[in-house]
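See structure below.
Chains here go by letter, A, B, C and D, matching the order in which they are written, and residues are numbered from 1 within each.
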Amino acid sequence: MSEPPPVSGSPLRERLHEIIFEADTPAGKTFDMALIAMICASVAVVVISTMESMQAEPYASILYVLEWLFTALFTAEYVIRLLIVRRPARYATSFFGIIDLLAILPAFIGFFVPGGERLLVVRTLRLLRIFRVLKLARYLSEAAALREALYISRHKIAVFITTVMIVVLISAAFMHIVEGNYGVGPPDESGNPTVGNPDFDSMPNAIYWAVITMTTVGYGDVTPTTAVGKGMTAILVLVGYSLIIVPTGILTAEISQQRSRPITTRSCPSCMLEGHDRDATYCKRCGQPLEPERHADA
Amino acid sequence: MSEPPPVSGSPLRERLHEIIFEADTPAGKTFDMALIAMICASVAVVVISTMESMQAEPYASILYVLEWLFTALFTAEYVIRLLIVRRPARYATSFFGIIDLLAILPAFIGFFVPGGERLLVVRTLRLLRIFRVLKLARYLSEAAALREALYISRHKIAVFITTVMIVVLISAAFMHIVEGNYGVGPPDESGNPTVGNPDFDSMPNAIYWAVITMTTVGYGDVTPTTAVGKGMTAILVLVGYSLIIVPTGILTAEISQQRSRPITTRSCPSCMLEGHDRDATYCKRCGQPLEPERHADA
Amino acid sequence: MSEPPPVSGSPLRERLHEIIFEADTPAGKTFDMALIAMICASVAVVVISTMESMQAEPYASILYVLEWLFTALFTAEYVIRLLIVRRPARYATSFFGIIDLLAILPAFIGFFVPGGERLLVVRTLRLLRIFRVLKLARYLSEAAALREALYISRHKIAVFITTVMIVVLISAAFMHIVEGNYGVGPPDESGNPTVGNPDFDSMPNAIYWAVITMTTVGYGDVTPTTAVGKGMTAILVLVGYSLIIVPTGILTAEISQQRSRPITTRSCPSCMLEGHDRDATYCKRCGQPLEPERHADA
Amino acid sequence: MSEPPPVSGSPLRERLHEIIFEADTPAGKTFDMALIAMICASVAVVVISTMESMQAEPYASILYVLEWLFTALFTAEYVIRLLIVRRPARYATSFFGIIDLLAILPAFIGFFVPGGERLLVVRTLRLLRIFRVLKLARYLSEAAALREALYISRHKIAVFITTVMIVVLISAAFMHIVEGNYGVGPPDESGNPTVGNPDFDSMPNAIYWAVITMTTVGYGDVTPTTAVGKGMTAILVLVGYSLIIVPTGILTAEISQQRSRPITTRSCPSCMLEGHDRDATYCKRCGQPLEPERHADA
């Protein structure tokens, strides 16, 4: 959503707004780059501070200071953002507003709830800000091309995901019957390992197995043990593998085509037609004017 | 197969037929959506009821009631379908007719055979109904495009699957010789672990290994232990990997091409030419009229 | 290689040659289909006979009889092939000739060397005959298209395989240094597990790990244990993954292109230009006549 | 960088320079081929000498002699390269110069530091020389096509890698919270296994897990144990899998397009336009002369 300009009349506020929220001005660009650098540094500190060897002195103290330094900086940034934006409530409830808050909250929670500061790893979510900055650089068209390829293929992808979900559920149900001890009801009288595989005794476990298997991750923590189960697994793997290659094909075809015909994700407001050229001003089917391309903002 | 219209003369029956079997009318659409929602809910109940923590009260009772509620609804639907369709035997023996029966049968089997209701997980098969409904929505063309890409590539895919099967079997045979204790005949006199790997002592096990390995799932429950076996595995993995990327290429090429030329799977009844445009009425090669596109039905 | 016609003058021999070696005549087609069916059946027998539960009576006896039945049939076929072909030595040393021999040899070896009949699983190699029959059916063009896509991309694939091999070797060398106990020379004085990971103590083991990892099979039987090793693995996996997607792209592009321009693998005998159209009679660059398309034979 | 010609005036030096550094002359080609063969042989020796069974006599002695033979030959080659090249310092600090040194250094280090010769496996790095020789052969255009496809897609790939990194970090952070025992701070009072999974107790471990999982390698040495963790893993695997197929699509589209329009990686020095045809001498947009294609050298 396009961020409304700040209340006019306060030059400092306007200047700060330009620096913090705008990205096309030199000051805005510099601020964004500094922010990304700071976010990366704070994530590095959080990652390092979870390592066991870093619990000893003097590392622990240094990391403790650094974590609070970044918390202070991010808190200041958050407060300033709230103060200078025209609609603070809207920023506070926006996607990036919530992430900005989540990045500082755990440190303060740590005062009241012991161990609360351990949640500081959610600070990694702030890395998503990088995508906002990517918009500005030369990577814009590349990122946009990828996003558009995904967007245009969304119906195909929806069909595909539905298919995968159904295949996963049916596979899981069959393996639950074949391999599990049927999950529901009282256990078998003897309870010997030949009757059922505890890995498949509930549908959620069987679904976990099906996803791990059909994406070819194959941890091996849940595996079939019976001959029938192994045979079914072999067939399901081949079926699942065939299924899961489909989106590669869809996406590749989309990217190939996009290359020769750069289009936008705008849809005609009157006839809903999609796939307009980037320089199109009127809908090619009904002649109604198109909205200019919107820019995401927060 | 196109479902024949019901015996005329009974308005209620005709109305019910329209609601349950037709999908283009508002009533039919609403019924289909409600059915899909109910199927999803019943699958969720079945999945949840297999979890160990759900065997305790009060969850067990609630789930028991819900399961019987869905069983009652699905039974009513099944009976009505049988009554209003002109050829009940044909529906009962159709793909979806069998699935509809399988979804309710386990509950009743549970009366006679203890534990029979555990088979209720086969109810997940009813999710396949979603594909029938997909036909109606805007996803039709997407699903059709995927199906056609697969259909048109079916000869290439047949060649590919044959090749994979042969490579799997030959790989399994070689690993069975190299790693296994030869399976057939009496075991080796010493039986020391250096002689054979029990994981490879039968061809079915070796085939299971070959499929799990060449699809890159790689559970790790069956792995080579000898130097020769490891070397062969490394080579087979590279060969198998190369083989298995082939269908991605085939499918992508097909989807790419289809994009620019939307075609159907109809073939000319007189010259067998395939690949007609969707709006074609006559064969483009021999000028004979084409059959209209058939709609799967059940 | 084109099989020479049999010595003329013997009608029976000529007739048998037509049945066994030719594939375009009805008799030849029937023979080929029967042979494929028999090969599949014999492979099924071999696979089943390696299962432990099939070592008991009465299965063992039945399978024993069936195995000898197929051995007798294949031996007869092999002898007849040798007798009717004009150059028996050439057939006997050809690819399929050796496979035909390998498929019957183990049974006879079993007379002299106990357990020799266990090698009967090499009979699976005869499944490769299926590819010869595929040539005849409608799958010819599909199989040919795949073969040509691979053939035309062979230089790219060679570059790719060389790259993969080098990356595998270098990765293995680095992991051998980082994770292994250096393999060469005397072991460390203490020999404690923190020093080296026995899984990486020799380069062949490290190469096995690298192949299993970079193809994303990931058995998990060889995994890094040190922090440095894990970090390197994460980087290598990403690098290797990027590398290994390359052939998919190459092949897809080739298949896409081939679709619109059916070409053959013939190269001009005078200027070595490749990629001639299927109906080309003269080289498009130098105008020299091209050889007609050769048909593989054996 | 184009290697400057040697100091003129010394015919022997000039001749050696031609043999060792040039690749288009018959002598240079022969030298390159011999060098590649020698590098491959030396790598084979190093690989074999790390095998445990090769530590015994007489293999150990033979391998010891062979290793020193190759060390001597490579040392001679390195010294001659240093002597005949016009700027020895530049060669010594070049990529291949450093690798050439690394390939011989460990043998000499072994004199002073026991076990130093174990680092001889870094000799595998010399295999990279193969890429220099590939430039000369018919594989040039293939290698160049691959390199260009990667080069042209570099912005898309940068966006993609950034996305993957962020998804990996965020996934790792969430699994660290859900599965780990929070890493930071004092351990839980009870320390029972239901509280935390030691595999996820530090962010680096969680990142290792995320990379191994999302590339579908799936070793299985680090796996989720809680229901929430398994559910999140299933979702992350599907998300990650979708993400990781993106570069395949990008690369395939690039290769497809390149096929029909062979271009180079040169960019116009005045308007920075890229994608010029291989035989272009002037920029197609602004008409300024283009630089001739540069040849990497060392």
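Everything below uses one rule, namely that a contact is a pair of C-beta atoms (placed from the backbone, for glycine too) under 8 Å apart; a residue touches a chain by one contact, two chains touch by 3 or more.
Here the structure is a predicted model, which is why all the values come from computation and not from measurement.
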Fitted rotation between chain A and its twin chain D in degrees, CA, nearest 5: 90
Chain whose mean Cα position lies farthest from chain C: A
Centroid spacing, where centroids are CA-atom means, of chain B and chain C in whole angstrom: 30
Approximate Å spacing (C-alpha centroids) for the pair chain A, chain C: 42
Residues within chain C bordering two or more other chains: 204, 207, 216-220, 248, 252, 256
Touching residues on chain C, where the partner in the complex is chain D: 155-156, 158-160, 162-163, 166, 169-170, 172-174, 176-177, 182-185, 201-204, 207, 213, 216-220, 223, 227, 230-231, 233-234, 237-238, 241-242, 245-246, 248-250, 252-253, 256-257
Chain C residues within the chain B interface of the complex: 43, 46-52, 55, 114-115, 117-125, 127-128, 130-131, 134, 138-139, 142-143, 145-146, 149, 164, 204-205, 207-208, 211-212, 215-221, 244, 247-248, 251-252, 254-256, 259-260
Chain B partner contacts - residues on chain D that touch it in the complex: 216-220, 248, 252, 256
